[in-house]
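The same chain A turns up in both complexes below, where it pairs with chain B and then with chain C.
And now, the complex of A and B:
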């Protein structure tokens, strides 16, 4: 706890240093702007910071649901070497393409939809969340100890039993890690996607507009703080959940 | 004759591991296999279990081929599933092997075995909350629950400290006296073999052959310090050492 206080003090100190060097607005000004924006609608877009956060979160949620409903079952099936050998090379080629590189293509794909911007954004989040979650889950699944498989076979397990009674429960913490990592990338993707396409709301769009109407630094930084806070909370919450599994592997991220 | 191991041979590539191993075990008999580490004891046990295929030879029970569904296995590492409680771990073997039973019945069986092994009250503990000895007992319960014809045990107490190990040997004998199973127990401890077994199968170093099958005619519980006990130990050790010196 003490360490955290020192860390916060150092942060604020450095901030004021930058303020006196005329780089940043004063810390307290940003804090007040942040709190005001949380409760009161900002006039240009007519929405509070919480409303922007909610619409970003909703898009992330939609994209993440799409991503995870593919990455979780597919990741578990990667336990079968035949499926792994089939999918792994293709995934490795697609994976390095940044989510944002999918934006132009996604606009074409969703051009005929009633609300192409929203669909394209959800698609980008889905792409962003899919690859890291899929790779995390499939790595975990591939790591199921052979000893457990042998044990199950001694007692007469069939392929389906191995999948449901060994691979799936063993991989549960890995699935949560996958969801955590995927949400993290999805969250970054939505902020970036919102800054490229006009969407009327969302934290990414908000900070972009605050820039365009005259470089309003306190508002921009307040928006960034909100982005950071939400990302941090999602990560911490899921990490706490992960830690509850005594057999989980150490995860690096 | 219940269990017959007939001329079992096995090589891994150029490495000859088992060179025609043969012996027999009566129904309800407790047999120990001893031999130097790396002599192929575990491979032999896995062949009996049907986990590894022999190059030659056969494993028979009552004259018919012994199948994986006839045996149960206790591993050297306890190999409990960490996401299952003690009770659920015992139920695991029943879920695989006795699919016709409903959940309630499986739970009853599992509970009765845990009680038999002195684990009443620990049913809902997870493996990481149990001691090494307790975990091994859960593993034994899981194996016994499916009522196997032959119980195979691969150095189940090797990773336990000396006191726990001695206590576990007594516990195992107590359980075995209540549920007479044919047991094939692999160990590299001569002391453990003489303490537990009706019959000790002594294997030579790799490639393994049976050096001798020794009947232990001592009342249980056995006194490790009695002259007879020591005599059996000496005989087995001489056999084991004799062969390793001649190489």
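And now, the complex of A and C:
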């Protein structure tokens, strides 16, 4: 606890240093702006910071649900070597493409949809969330100790039993880790996607419009703080959930 | 576990509550004017406000015009010619104002109507019938009325869109600020010389980097000055650059990409103050010349409640006019 206080003090100290160098607005100004924006609508866009956060979160959740409903089952199926050999090379080629590089393609793909911007944004989040979650889950699935499998086979277990009774429970913490990592990347993708396309709301859009109208550095930093706060609480919440599984893979195993 | 759950639940509840608390409000979205007509046709937006020729183009294809910008604010100044302080020298400014005044007088001369229509049609890429309609809604001027122009400032200040006061920029009073911001002396010098000698041509200046807005019929004087050779007579080289809206032009001024530009009075005032981009206005371009286009079922500003309205950008003249309409209709922006 003590260290946390020191860390916070150091952070505030460095901030004021930058303030006196005329780089950033004062820390207390940003804190006040943040609190004001949480309760009071900002005059240019007429929305509170929480309303912008809500639109960004909804898009992330929609995109993440799409991503996880594919990455979880597919990741578990990677236990079968045949499927692994089939999919692994393709995934490894697609994985390094940053989610933002998918934006132009997604606009073409969704151009004929009723609301192309929203579909494109959800798609970009889904792409961002899919790969890290899929890779994490398949790593866990592939890491099921061979002894367990052999033992079960001795007792006459079939492939299906192995999958549902050993592989699935064993990789449960991996699925949660995958969801956590995927949501993190999805959250970063939505902020960037909102800055490129006109979405009418969202934290990324908020920051960009504040820049365009000008003279609003405290508002921009307040928006960034909100992004950080939400990303942090999503991550922490799922991390706590993960810790409930005593058999999760420790780092190095 | 418990602490973070509480924080998360608190955030979730707060977000939910604030999401529900939607009052009678209008959603403003940023859209490029050439895309607006298509978007209102497919029903993605319920209304849009843009510069000519887009409202006339919409009217011609069967859309409804609720208000022209003259109905919103009679004789409002719109676009102006501004220069970056320190980038352009006096010789260059006199040359530019001369070319602009000559071109504006060319446009306002009845004798040139056919030529003006054909220039307008080339400049915007639209048929002559549409641009004729659009031209009637624009009043081409040489210098804006200062009192009217200050209305931009008053309104932006009142709406809390301005973030700084003129005192923070180092001016004693608002009057002193406007004296520096609206430079009338060059315009008056050029006009006096033209009165003494109608064939007066200023000394030739070097290269000028000049910005303007894509397909904005307000900026017709620039195109005329180019086509009629006024710019060539006073500049060795003219480098023209197009931007999507006035806010983007102000960004270009900030980055040092431009010496002078045609842009809206609202973004000029807004970014001059908020971002301390040092520009001054040396000539006017037009009064009025925008309009609010709506779907058939909208009959008054009040009907816009809960609808989506497109504007060319936040901080533009059209954004400003839209906020005026909403304020008078008792509606909020969201």
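In this section, the second predicted complex is superposed on the first by the 249 of 253 C-alpha atoms of A that agree within 3 Å, B and C clash if a C-alpha of one lies under 4 Å from a C-alpha of the other, contacts with A are read in each partner's own complex, and residues count from 1 in each chain.
The working rule: a contact is a pair of C-beta atoms (placed from the backbone, for glycine too) under 8 Å apart; a residue touches a chain by one contact, two chains touch by 3 or more.
From a predicted model like this one, the values you see are computed outputs, not experimental measurements.
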Could you look at A:50 and tell me whether it touches chain B, chain C, both or neither (first, second, both, neither)?
second
Quiz item: First (chain B), second (chain C), both or neither: which does A:230 touch?
Solution: second
Please indicate which partner A:212 is in contact with in the superposed arrangement: first for chain B, second for chain C, both, or neither.
second
| request: Answer with first, second, both or neither: which of chain B and chain C does A:240 touch in the superposed model? | output: second
Chain A contact check, chain B vs chain C, more residues touched by chain C
Touching A:170 in the superposition: chain B (first), chain C (second), both, neither?
first
Overlap of the chain B and chain C interfaces on chain A comprises residues none
In the complex, chain A touches chain C at residues 38, 41, 43-48, 50-51, 53-54, 57, 115, 198, 200, 209, 212-216, 229-230, 233-234, 236-237, 240
Per the touch rule above, chain C residues touching chain A in the complex are 1, 4-5, 7-8, 11, 14-16, 18-19, 25, 27-31, 44, 159-164, 247, 250, 270-271, 273-275, 308, 313-315, 332-334
Listed in rising order, the residues of chain B that touch chain A in the complex are 49, 51, 68-69, 71-73, 75, 77, 79, 81-84, 92-93, 95-97, 126, 128, 146
Chain A residues touching chain B in their complex are 147-148, 150-157, 161, 165-166, 169-170, 172, 245-247
